[in-house]
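Chain lettering (A, B, C and D) follows the sequence in which the chains are written, and residue indices restart at 1 in each chain.
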């Protein structure tokens, strides 16, 4: 009974239902190899959603993650072009992503500018910087070294490295959220910023940390994205920030901050990933895709609101017994 | 004073248009008294292109040569340009006749339509299924080519065109749509991608799915971007016209029209320097040249050029 | 009583300014081990500000803090905790989405050797602390699932989780019921016995005289005086606080009770209340007494159209109807002064005059268009009647002290010329001077023929002001008293549900 | 009773509205706008030409129309990210009617009606069902544009009647376009609505504290619903103008409009979290945006560089006063 009420359980059921529905039209979709591929395809969304989750938990929002991803991806491709070895590139993009996140975080923390305004600005700035770096030129597959492109695709124990990275990050973020003071501070700051001050938690500093985390993950994803799709240009992942926010919302991360779980977030990303992947496969006209994902988002929001509705105070004894 | 000719791309940063820009500069040098303004919106939207064209009108350029993001939406703005005495032509991706003086097709649509299906058919002697990966649902030229392709599909009875998907000229979406195709049609023999973004993404997806040799990716692409995929075998051959020539020709035509040395009316001939001359049809359209096929034998050589 | 030990903590010349306000202006204070110091002062005197300075939330602009005679600074809340200062703050400082144990330990959670939070140790210690204050709560449950009183116990447990030498309590009893207040007193005694210095802030004089050893008075951010409790009396303290003497605290005037103004018949709600029926007359003050959480506010809010009853109706004059929205209530002449001023009462961010005219916009405007002059006129009239203290009517209402905000809320409703006014805990957290103003006003309104409902958890207030008292318990009307039957004993007995002779300590 | 007589005198205002206006956000924006105007006329010989300036207004008029309604919506604490999608749907509906032979007045009514219906749908989900606006409108953004894709697929509607072209291409007087007039009327109308009516006051109250507003007898749900309706309606108006200007409809029309509209609103000094802002600020912000993009366009600066400038301007204009205040406080 209680299990059924939890948001995560409802979402898990929804995903299973979705898979069953797709399988009834296209059995090949639920073959383990294909499911693994779907997971791999959803990995960028999962990674970004985990970072966004931290930001949303602290009552902020980061609209610049996709631009951050694109910039870091481009820098990764440029570094590869300059012959820099892959491990250095990885460290560099994560650091760059974190720095871009830190820039957002600094503006939010020190100047108290609302995060939506800051990241609305930086999303265009970060993309613009890519243009300035390259003059708008693309970097194509043939301009990338084989090692650079191969890393995310290398299959280890049946799954590509990209999927393993996603799994590792999910585990790390779960540990961070549940077991470290910083993770709990995300919840505290979003749940009751006023009270957080009284407990010695700096609201601004915690929000800053969330932006740095989201930025670092976006940076890492930037490399993975560019290596996987073997192309880098100004507009990669354009509009992806809204998918990321939608994944968090579907996963039950309260947009007002302070509530949500890593499991929910990952399932929200998977749900959206499955829809986006499955629609072309099951032969639904491409023109229907957008409306269907829109409707799915709305239904998910309505569901979450239903299960999140506060039970209210119960004063009457008889009512207490009934529930 | 120099004549100012604006070359308007669908969006800045796309290799194809950068190459066309090169050609335009070449023409300008040859003509001597021409200044090229190469510009375009950030992303492939009609609204963005209109803003760009408005600022070109304001600068009173002498001619605008545009590759349109939308056949119809640019018409009112371009009409205004013509009213203010600016020569307007479209090239590559056309504008409806009332919005331009003439349109320069890179090649003729029937030729391209036939070429792309022929490229696929050539490498599947037993016949089989092919699918199309297009750009956006609103891209004028892709739609025309696919239409022409379907018209001649009867000439290739063994080839079954199973469907069209849209990658929106985004690498990741094209990649995912290709994955979808490979899953939906396990027996697929070829993918036709008449777009330079789509063909690269499709080749990459086929490579990643380990289907090199089973699925041939073909269509229209740039040699520099496709060289790797041709050598890996993901693509046996593809076609394209030379974008440098296209930019060159568009500039030449715009120049002659703006100078009043030629008029844009059905049946008229307009010179275009080293590319010879074109004759306008009843829609005041003209085709520059035949598409040219690239395969393992020549792709490396052209990869250096564009 | 060990009168002359040296203080654990001393403040000297503390100044703190906010934009536009000098909240503290060179105040001083000393806290002694094993003694309770009561800090009293009007609303806005700067009491909570000094607490925040002592706990590292604000930094003083000037002045020094000495611990054991050594000058110290508290740059963060953690620093204050490490120096042994802990506080139960006036506002709740808890997190609904975190567990009880995490709420107690957030900011100073025990860690294991990997630096991760040691959840088992945290739970064990949380359980110990809770047991120490007589609260049998499961440390694992989310705070969201607890009632208001339990939440307060968690707040207290949090303060005690720091091994402190100085414990500060800023109006800790404001939301507690009798039984819990009694337990809190015991706790204070225990802490005293352990030699801790306690700073106790309250507006309730009975409380102060019962547990404090020393007193300190602030007025308008300035230090007025300090001394031993044993050597003072209530009247002196009040005079120092307010700067004048307040003689008549409950100025109940005999009113002429008129026709029924509001008749409520059989209001029910699925979870909050059941079978609520009563009649309210013009010129009458009807008191609603009950323990905190008895459901009085819920009933009042359903009369005001915030929630809808599942059954029942009310009658005003001729019409029988159910109020379905607050705008209907205002149209019908029922208005409600909520107990949660900050959230439900004032619109912070809007200036005072706009707060006052908010429900009267129809009257100050023409055809839906604003007329500022009319608004200022209306606001001027009613804020003056309530003796509001403010720099200008154009000032943000959020900059006012709690008591003055309450006056703005009352002014806002009086400006609508209501027939029935419901005041929910109208003097909660209000200083004695402002309290008198509010009480004065209530009698005056009744005398003008208005029907008044006053919800209060303070027995002296209920008895002093009401013509009639309804007592609620667990969502139902438990009893109704009038005239001589209105005694503290009767009220408490009905409120806790005791029929025998044993009763709780009535205040 | 003594208390009544002893009420202290409280002045109405400490600072005059005039001196306050001097120090306001709007004053800052005005300075920025004038500075950009001067810079532009120095940088390009083509700038100070009435016809060119008239053309330049198309860079912002449609977005600004929506921005006025959006400003009040944001002041009341909500947001609507689906406005671009509403334009697409409204334009598609007009296109459908046009192919069925509907005359211009019907097209206009249909555009407005679709806008209202979309606004009502958003309003229903947000104001009635209590779902968070930002995520609801992210959802409806996909839904509305998605419907447009279902209807149009890869096609386009063209061939709108000649009389329909008036809205986006017509001139009222000399260089004054129809869109400019609509823009000015909308600015005036929404300015009055926000600053001079009870409704506007309620929007401020709700944005600052919706609970207290409800406890003050304000029909909060209704006000929020109406604001979504108005935003939908203005999106419908913008759809008419844009469709008329483009002379055609595709599902990708007005893609990405929402963020530009929000940018104008925020640049105009409206607090994104609700509670404060003015229409004057939004008008000035629209002018600033239009001047910046047109000025850079005349210099043939690539669009993406313009968006860097706009992004930086957004942050700078909001950050500078705060930095200044911080520095002054030490």
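Just so we're on the same page, contacts are C-beta pairs under 8 Å (C-beta built on N, C-alpha and C of every residue); 3 or more make two chains touch, one makes a residue touch a chain.
Each chain and its UniProt protein: A = Autoinducer 2 import system permease protein LsrC; C = Sugar ABC transporter ATP-binding protein; D = Autoinducer 2 import system permease protein LsrD.
What you are looking at is a predicted structure, and each value in this text was computed from that prediction instead of being measured.
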Notebook entry, point to check: Based on the averaged CA atom positions, which chain is farthest from chain A?
Noted result: C
Notebook entry, point to check: Hey, how far is the Cα centre of chain C from the one of chain D, in Å?
Noted result: 43
Checklist line | Centroid spacing, where centroids are CA-atom means, of chain A and chain B in whole angstrom | finding: 36
Next item on the list: Please work out the Cα centroid separation of chain A and chain D, and write it as a whole number of Å.
Entry: 30
Item checked: Sequence positions of chain D contacting 2 or more other chains -> 149, 153-154, 256, 302, 304, 307
Checklist line | chain A: positions in contact with at least two other chains | finding: 131, 136, 234, 287
Next item on the list: At least two other chains touched by the same residue of chain C: list those residues.
Entry: none
Margin query: If we use the touch criterion from the header, which chain pairs count as touching?
Written below: A-B, A-C, A-D, B-D, C-D
Notebook entry, point to check: Touching chain D in the complex: which residues of chain A?
Noted result: 61, 107, 110-114, 116-118, 120-125, 127-129, 131-132, 136, 234, 239, 242, 245-246, 249, 255-256, 285, 287-295, 297-298, 301-302, 305
Margin query: Which residues of chain C touch chain A once you look at their complex with the stated criterion?
Written below: 55-57, 76-78, 81, 89, 91-98, 102, 106-109, 115-117, 119, 144, 147, 269-274, 293-295, 298, 474-476
Next item on the list: Can you check the complex and tell me which residues of chain D touch chain B?
Entry: 44, 46-47, 49, 51-52, 55-56, 58-59, 149, 153-154, 156, 158, 165, 168-169, 242, 245-248, 250-256, 293-294, 297-298, 300, 302-304, 307
Checklist line | Interfacial residue positions of chain D with respect to chain C in the complex | finding: 1, 3-4, 6-15, 192, 196-202, 204-205, 207-209, 211-219, 275-276
Checklist line | Touching residues on chain B, where the partner in the complex is chain A | finding: 12-15, 18, 42-43, 137, 163, 165-166, 170-172, 175-177, 179-181, 183-184, 186, 200-201, 203-204, 208, 224-225, 227-229, 303
